[in-house]
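The structures considered in this document are given below.
Below, chain A partners chain B and then partners chain C, in two separate complexes.
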Partner chain A sequence: MLFSFWTGTSVGMHSELTTSNYTNILTGRTFWETVRWTLQVLAIVLACSTIIGVLVAYFAARVVAIEWVRTALVFLLFVPFVVSYVIRMITWIPLFGRAGLLNTALTEANILDEPSDLFLYTSPSMVTALIFLYVAFIIGPTFFKLRQLDEDLLRAAQNLGASPFKTFWSVELPLARPGIVVGWIFVSVMILSDFATERIIGGGLSPLLAGTVWRRAEVLLWPQASAQAAVLVVITLAIAAGLLRFAQLERDL
Partner chain B sequence: MGESEVPAAVVEFKDVSRRFGDTLALDSVSFAVRQGEFFSIIGPSGSGKTTTVRMIAGLEAPTVGTVKLFGKNVAAVPPHRRGTPMVFQSYALFPHLNIRDNVAYGLRMRGVAKPERRSRADDLLGLVGLEGLGDRRAEQLSGGQQQRVALARAIATEPRVVLLDEALGALDAALRIEMQVELKRLQKELACTFIHVTHDQSEAIAMADRILVLQGGRLEQVGTPAEVFARPKTRFVAAFVGQNNLMDATSTGTTGDGLHRIHTPLGDFLAKESDGHPIVVGEPATLIVRADALRRVTPGQTPNQFGGTIAGARYSGTTVTFLVKASDGTEYRMEEPESLTHNECHSEGDRLRIGDDVVVGWDADHAYLMQQPT
Partner chain C sequence: MRSRTVRPAPPIHFSLWARISLAIPVIIVLGFIYVPILLIMLLSFQGPQGGATFPIRDPGTLWYRSLTDLSVITDHPDYLGQAVFDFRASIGNSLKLAVTTAVVSTTIAMAAAQAMRSGFRGGRLATYAILLGIVTPGLAVSLGLVTVSSELGITSGLFTTGIVAHIVWTMPFSFLLFMVLFNRFDRQLEEAAYTLGASRLEAFFTVTVPVMKPAVIGSFLFAFMLSFDEYAHSIFIMGADRTLPLMLVSAAQLRITPSIFALGVLIITVSLILLLAYVVNVRRTFRRQELQGA
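And now, the complex of A and B:
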């Protein structure tokens, strides 16, 4: 934090205090471009992983009737976390790279004439990767919230004329909301601090905030990197606080 | 003429069985509930009463047999199309909605517009004595109030049948009696069929037009409270509903005036048959003595008496129930008006204490013999 107020030079930094690191960042167009892009990616990832996460959680909590199958499903969800993040990310390359499984399958099935670059090192592929990386954090809390729910509530809703879909929409979804929002907080914090996915999968072409911090640190621009990191922390805290308010968690805890 | 006067069956069970794995929760049960009836289903836990009421609501399906609602087989009708709202012991109020929106939930599901369903919900809250509480949340209300909300929610769509699953079970005794009166009033006012499940026989006797007694998934008896209470068909009903004393007995013959001479572990007594249930001499039977028929007697006062020791006493407002332990170790309940004990307390007379020896007896008219087909 202190570094962020130091003055950067071409060969390092010295301890002369300055706010220029902040003014440079906050007035620079590229910085706000990156913030906008980061928030856009975050919003898309949250939206998609909420839809996928809630569906999977609902399936595991309600459709699966056998207790041990349910437990196994939830357990499977967290198996990928046994291997390290880097390994998980690198496995995308043989799957989605030019000579990867997906391209091979699609060309052999004559759906594509030649291997596509779309699946790797692009923004959509990065967003997809982020969704699959973090969707488990939405599924988990949502699943537990759904399981906690008093089943009499569902029976009451049905007897009052609610179809299964209306029961889901009017009872289960509102009551699972705190679980979903807890998931959002996890995912937001992790995406905002994720500097690697956009490089490995996104190809480093459309950097996210955490990635730009990393890049500046790499070229030893410590003061600028620290200042950006400080801004990043503020943004992260603001988002987390906003989500917490939305969840009205204090009512449930 | 006679046929047309019989009200149509609202709910009809025909040979309905329900199997959960290896256990038979319901064993070939048949009964019918009439329009406008307050119908209670009673039985100990595990008797199949909740399964029964859930089948009406569509929350369970019969393994065998048919369930009819308003004369139609509802096997293929999902719960939300049955129009059978249920009041739960847990109340099951939606925690994310305020009281008004809870009551209006059924109307919302039917697509009633917001202003209309809200004003309707407020009317209903008035009907159950909760006007002005519409903006509160369920957790801010007492148990009794939540119970009323659950009831208002169930009747909001003007259903023809309302199901109550142990609906009063979570209330304390005084509140329960208050709600019993209120439920009965509402049911008459709405001219709606109430099907009510309880393990509390006194609750059923207080409210029901007819009672269905279940035990171990089998139907034991259906009848008016008076029939079930005074003329139980089975030994189980006698013990469960009437809080009766049961004694193994064998008839050794009849006297001139229609009484049986019976032999029991506690001596030889005289007893009459229950109406329409002839007793076979020499076959094992059960003597049923109501707790309030048993009283203290002086030796020789009646032919029906035995000696015992007071093993316990329970005061319940207007009555005191003593537990009399007979010489063979079996226990019998003797219910006395509280005033009796009270007076004797003043006169320092023979007020009963635990450990006292007593001779108890009963009039032959207040007990009868029953032989249960096995």
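And now, the complex of A and C:
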């Protein structure tokens, strides 16, 4: 019932359009540059947060030997799931802002002559923010997958003389892949729909796709915004569906 | 008969060096999460003159008190006339919306999961349809809703368009939680109830609901927090009723005041306490169920 309402809404969104909005947008160069930039940011963030996320999940699942330490660590890493990114984003400002602690510390230590704007309101700062805002969503599923692995498999690998790295690379990592892919889906979806990070931390200079939709809608260009939003939805669903197929989640979960 | 359970993997012995180098990413991630949180905790105790940066002058709980009563700041002798924000109305709106959303989405999700469990034609399609609510960018949902509702002549507001967008967003999460816990659910319990002469309705309320209590509470809490914090599913569609995340983002773009930090600290603290209480509760329930099952 709810879903029918939802389809209703997106169908309604289409019904407002004439094809001219689509042709305008689909042939516009700036729009495709935004799409390319968004996908580029997404790829960088996914690559970095996969490396970081898998390492952290591995640490929590395998290296920590004491059970309560593991529980505490997982709990600490769980915070991003319950505290909204709006609040977590705001927490960045006193640390990385122009008058923030990092700048103050660096200028006091004479590493910088004057406060730098690099830590906030730039594209690198936006990418860093996106990585650390969402990396927990890769850590979580990967950790649970790693904890579910069968003891006998790992014992077998060890008995056959595999080093921990070899075991990780050829046994644990492939088996944890569904978890990682679930994380990728989470992160992709969230980055594609995130427009506030880019504005508050990225400085609004290099908008991602969702940001351009927002800007259009803010100035009440509803039809154009809707056409772009439709492209955004298509891209998001295509990425999610592609990743789903890649992981063959139904078989593995 | 011995059921094959997956045992946790054997401990691997790492050298001290390996441990330390593997701990580095963990420390970085925890640092990026908690150093900013600790900073805003400190800064939220800023005095009336101080801004959103160090140093802290005249520390006190002034900005916390300003959340309920702005005059604490504006009547203060040291007040410099800088912008202050009144979050009270938006907190009220967010609370009302989050409670309603949580109740509705838990009810629908439980019904949906119960239906999926019995299996019906098109069930998988319906599951995917529900999960679309997570995957679709919130911005697009909001935009779609606002265009359609204005077409239909519905005024956007908290309990017209707002609640629909929020339920579309939270219900899939509740649904997933129910599906996961229903998988652990022992069908025979219900069948035993039927054999003992319970009607389907009686069995549902006296057997299924109590056993599913962790999912019900979890779904309520989760939906509440998701809705309370949700930004993307709230833009354009709240009409004149501004919710807290909307208010926070626009305030943060205008001027960062310590009251924003105070609010952030309160929300983080409450979320953590709720999460902790829930985790402890669920672990206890599962342990009891396992003991009874053994």
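Note that the second predicted complex is superposed on the first by the 231 of 253 C-alpha atoms of A that agree within 3 Å, B and C clash if a C-alpha of one lies under 4 Å from a C-alpha of the other, contacts with A are read in each partner's own complex, and residues count from 1 in each chain.
Keep this in mind: a residue touches a chain if its C-beta (ideal position, glycine included) is under 8 Å from a C-beta of that chain, and two chains touch if they have at least 3 such contacts.
The shown structure was predicted, so the numbers you read here are calculated from the model rather than taken from an experiment.
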Fit or clash - chain C, chain B, common chain A: fit
Partner chain(s) touched by A:P174 [first = chain B, second = chain C, both, neither]: first
Partner chain(s) touched by A:V187 [first = chain B, second = chain C, both, neither]: neither
Partner chain(s) touched by A:M126 [first = chain B, second = chain C, both, neither]: neither
Partner contacting more residues of chain A (chain B vs chain C): C
Partner chain(s) touched by A:L46 [first = chain B, second = chain C, both, neither]: neither
Chain B versus chain C as contact partner of A:L243, first or second or both or neither: neither
Touching partner for A:R155 - first (chain B), second (chain C), both, neither: both
Which superposed partner A:F195 touches (first chain B, second chain C, both, neither): second
CA minimum distance (chain B, chain C), superposed complexes, angstrom: 8
Interface residues of chain A shared between complexes with chain B and chain C: 150, 155, 158, 164, 167
Residues of chain A defined as touching chain C within the complex: 1-3, 5-6, 8-10, 12-13, 16, 52, 55-56, 58-63, 65, 73, 75-80, 82-95, 97, 99-101, 104, 132, 135-136, 139, 147-151, 154-155, 158, 164, 167, 185, 189, 192-196, 199-200, 210, 213-214, 217, 222, 225-226, 229-230, 232-233, 236-237, 240
Complex contact set, residues of chain A against chain B: 150, 152-153, 155-164, 166-167, 170-171, 174-175
Residue numbers on chain C that touch chain A, as the complex places them: 6-12, 14, 18-19, 22-23, 25-26, 28-30, 32-37, 39-40, 43, 52-54, 108, 126, 129-130, 132-141, 143-145, 147-148, 151, 164, 167-168, 171, 225, 228-232, 235-236, 245, 248-249, 252-253, 256, 260-261, 264, 267-268, 271-272, 274-276, 279
Footprint of chain A on chain B - complex, ascending: 57-59, 78-86, 88, 90, 92, 94-96, 105-106, 108-110, 153-154, 157, 163
